[in-house]
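Reading through the structure tokens given below for one structure.
For reference, chains read A, B, C and D in written order, and residue numbers begin at 1 within each chain.
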Amino acid sequence: MRILTDQILKEVITKRSSVSYKGSFGRVLIIGGNTNYGGAVIMNTMAAVHSGAGLVSVATDPSNFTAIHCHTPEAMVTDYQQDLKALIVNSDVVLIGSGLGDQLPLLQKVLASIQPHQILIIDGSALTLLAQHPQVLPVCHLVLTPHQMEWQRLSHIAIANQNQTDLNWQALQDYTNQPLLVLKSNHTQIYTKNEVYQIPVGGPYQATGGMGDTLAGMIAGFSAQFHPVASAVMAATYAHSAIAQELAQDYYVTLPTQISGQISPFMRRYSQLN
Amino acid sequence: MRILTDQILKEVITKRSSVSYKGSFGRVLIIGGNTNYGGAVIMNTMAAVHSGAGLVSVATDPSNFTAIHCHTPEAMVTDYQQDLKALIVNSDVVLIGSGLGDQLPLLQKVLASIQPHQILIIDGSALTLLAQHPQVLPVCHLVLTPHQMEWQRLSHIAIANQNQTDLNWQALQDYTNQPLLVLKSNHTQIYTKNEVYQIPVGGPYQATGGMGDTLAGMIAGFSAQFHPVASAVMAATYAHSAIAQELAQDYYVTLPTQISGQISPFMRRYSQLN
Amino acid sequence: MRILTDQILKEVITKRSSVSYKGSFGRVLIIGGNTNYGGAVIMNTMAAVHSGAGLVSVATDPSNFTAIHCHTPEAMVTDYQQDLKALIVNSDVVLIGSGLGDQLPLLQKVLASIQPHQILIIDGSALTLLAQHPQVLPVCHLVLTPHQMEWQRLSHIAIANQNQTDLNWQALQDYTNQPLLVLKSNHTQIYTKNEVYQIPVGGPYQATGGMGDTLAGMIAGFSAQFHPVASAVMAATYAHSAIAQELAQDYYVTLPTQISGQISPFMRRYSQLN
Amino acid sequence: MRILTDQILKEVITKRSSVSYKGSFGRVLIIGGNTNYGGAVIMNTMAAVHSGAGLVSVATDPSNFTAIHCHTPEAMVTDYQQDLKALIVNSDVVLIGSGLGDQLPLLQKVLASIQPHQILIIDGSALTLLAQHPQVLPVCHLVLTPHQMEWQRLSHIAIANQNQTDLNWQALQDYTNQPLLVLKSNHTQIYTKNEVYQIPVGGPYQATGGMGDTLAGMIAGFSAQFHPVASAVMAATYAHSAIAQELAQDYYVTLPTQISGQISPFMRRYSQLN
């Protein structure tokens, strides 16, 4: 296991080419947020937009539209009960699951539409649904972002044993295409195809609801802009905790919405260092 | 009667253990906010989230969902007319009553579901309902947060006599399990099982609508994280007025939403002092 | 005609007594805001709340509830089509008309409920309705806040002639009880029972939609706290333009919502000077 | 082709006359924003209001009303399916198309109501509709604000050839009345009746969704206040990118809503320089 350093930020967060337009920075589609958990997609969206994704669309319950627009008018909104095929096809990155709740048919339809070149991030309720109703996952750039209980449900590895990286590694081999795994805990680990990395920054000020939704949105935003996917995921996860650590100099708890507000200035600083 | 000092803050607001996750900091359920008084649960929620509660859910009228998500997407929302049993069972702290209005059946159902290990904070309209329709209160960690008129209704002690601590004390003995009492006034007093404390900070810049809703939310947030309950309640009440006093250096009136914005930096400062 | 100075602020904006509660600072009821002009009552409400009114209720179209709560959860909301009698009776100050639109029956019902001890501020659409459908105005502390076109409609004095204070004065004598008049223009004038005052501060950076709604809300907030009414109205009007003048050091246009954000710190400064 | 300098800002952004009222700074009507793209009119509106337009109305889908009022209560709202004739007649500037979607009949009705003295800005979906369903455009002060793909659809000039200013020029001659063209790209160009100008400021931090909606709103706000129209359009476009360039000192991506927050202080600075 290797310890990530902020070198990953310097490598990944490059200066933008002057010959670019919003399409150059990726199209992100966020799918989630039922009538109870709309906050989750709001936090996804804020994080993706502030990370610099070129275009962000949100497919969610219509009761969440207004609050999304209050936080980020930069995003487009769609009823997630409508046919999402055209939206999915036009996306570079699809993030599904934050606040989705118990909606297996919607998850199944999305899984069936993903194309091999696309990045698919599976988070939150969608991971629980996969544990309850195993699905054939699409061939694509797949990223799983479970917290420890979700990973236990998915992998059947008890939380107490999740510090054994070989066990987690083994479980990842069971997938036809080994996904990237962001295993969230107080020592978040990232499993790429070749290596396990640990995030050395962050702390218990992050232990608050919605933290993972913001991380998922940052992973979506970073992977829409930066390549390869594994590096983008590592940089996003590192940045998420590093921003929280900076905020913790002044705040007892670092709220998800505060973190989103610091993403763009944080990225600006690192973009000057490479 | 003893005068509280900021020693209570140094004792209660501890540094977070690095081995923790959001569940470590408590699950808060807020119940209140009808179609007219939705602001009350918004202010509850902001205060609880900014205090660092691990997870905050709000059971309220659905017309309040969007505004709650605009202020704090970190919170989850539920229609308070649906069955709340599962939510209550999963909570460490339940706060009921801010902006609840005239909904006795809902209050009764909640009282019937509370378990002995849980903390129940009764505020606002729920206190008036209890005065009008006396109920058997559940065995649990009970906290009452009346302002003077509400305490008069509940205890039949006239406001003019509420400065007699023995009268208030007597009234608290009438409960099967003596509750904690936060008696809000321009000299707010806290009655624990053993002692009466007075808050020496704060001032008339706090005399504005919603101040008590923010206090109730802070009490919920603090008691979700810190123990024993009495200490958490004292620290929250002290912090609430101390933050207002600091803001009053720059503001003629210290609005509830401003106070919520200062909770986390205020806690950060005190967490460094113990 | 006399030129107001900031002496009026020093006289009116007193330090709050430490023996006070939210009721000490007045109950304000704002009535207005149809489905098109909801922004007007939002700006009323922000101004009244940030001025320090003890309790603020808004009777408006229900489609405006969420946006009001997004800006000021400190306020309560009511459907203005419901019976407002109880609310009016419990108010110290009633402000009617900002964004009200063409609702004569509602205006008539409110006029019929006002009691002699109450302060009634008539603004915006309600002034146009009065011009179109003359009404017997209630005996109370009456304040009219027309801009020049509204005053022309009400008084039949052409805008070009409104610089003749004796004409305006004459028109005010026609009322059974001479109301206070705040005649808004680039040289706003205030007509009390005895004197005409001119506001020497402010400027064209204030020439933007909603400026008058913010002024009306400040007048409501100030007259709820400070006495006599004429002094409160003068102080509110002076403060409104003085805040704009300060903001204009940094902003090309001084938006109503920006002004509301500066009311409380502005009042704090002046409260230290008397 | 000439390179614009900030001289255009010094010429256009004049100090406001002290003899003025909100009508002096123009009435703007924004038409757009369907149920999916409500964010577009929010960004239009924020930009127009913060630019100092005297009065801003928004005709949009009613589902967008609350979010508009959350961001800018200064604006009025109307259902865009209602008859807009009276609103159009009372406007100095009409901006149509941002987030409008596929609503040809609405576009046609608006085109039929525009008067020769009015400024009409056509943006976003309305440009695509014009490409698909060519319309006789009204005699008025016409401004087109396409990005490169929209201009390709409208003019049939491939994006690769749009750097040939004579081709674009030719296409503009095909209109009965040559419109002003703001051709958005990483080197945005403005075609007036006599000359082509290029914007030398800005950069790839602007490549994010909604940037064009903010520009369209600024053009509406500037052309409502400043004359001649061509100068107002040039100043707005220059200011939009110059503000982004300033923000980019601190931010990796310059979000539309951030830009709107800086318009008024930016204008203040330039208004002192002429």
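Everything below uses one rule, namely that a contact is a pair of C-beta atoms (placed from the backbone, for glycine too) under 8 Å apart; a residue touches a chain by one contact, two chains touch by 3 or more.
Just so we're clear, the structure is a prediction, and the values are computed from it rather than from any experiment.
Where the sister copies subunit B and subunit C meet, the same residue numbers recur on both sides for under half of the interface positions. Inter-chain centre distance (subunit A to subunit C, centres taken as mean C-alpha positions): 49 Å. Here the CA centre of subunit C is 34 Å from the CA centre of subunit D.
Residues of subunit B in contact with at least two other chains: 66, 70.
The touch graph of these protein chains is a ring, one cycle where each chain has exactly two neighbours. Chain pairs that touch, as defined above: A-B, A-D, B-C, C-D.
On subunit D, the positions that touch subunit A within their shared complex are 35-40, 42-43, 46, 63-64, 66-67, 70-71, 147-148, 185-186, 203-205, 207-211, 248-253, 255-257.
Across the interface of their complex, subunit C is touched by residues 13, 16-22, 24-25, 49-56, 62, 65-66, 69-70, 72-78, 263-268, 271 of subunit D.
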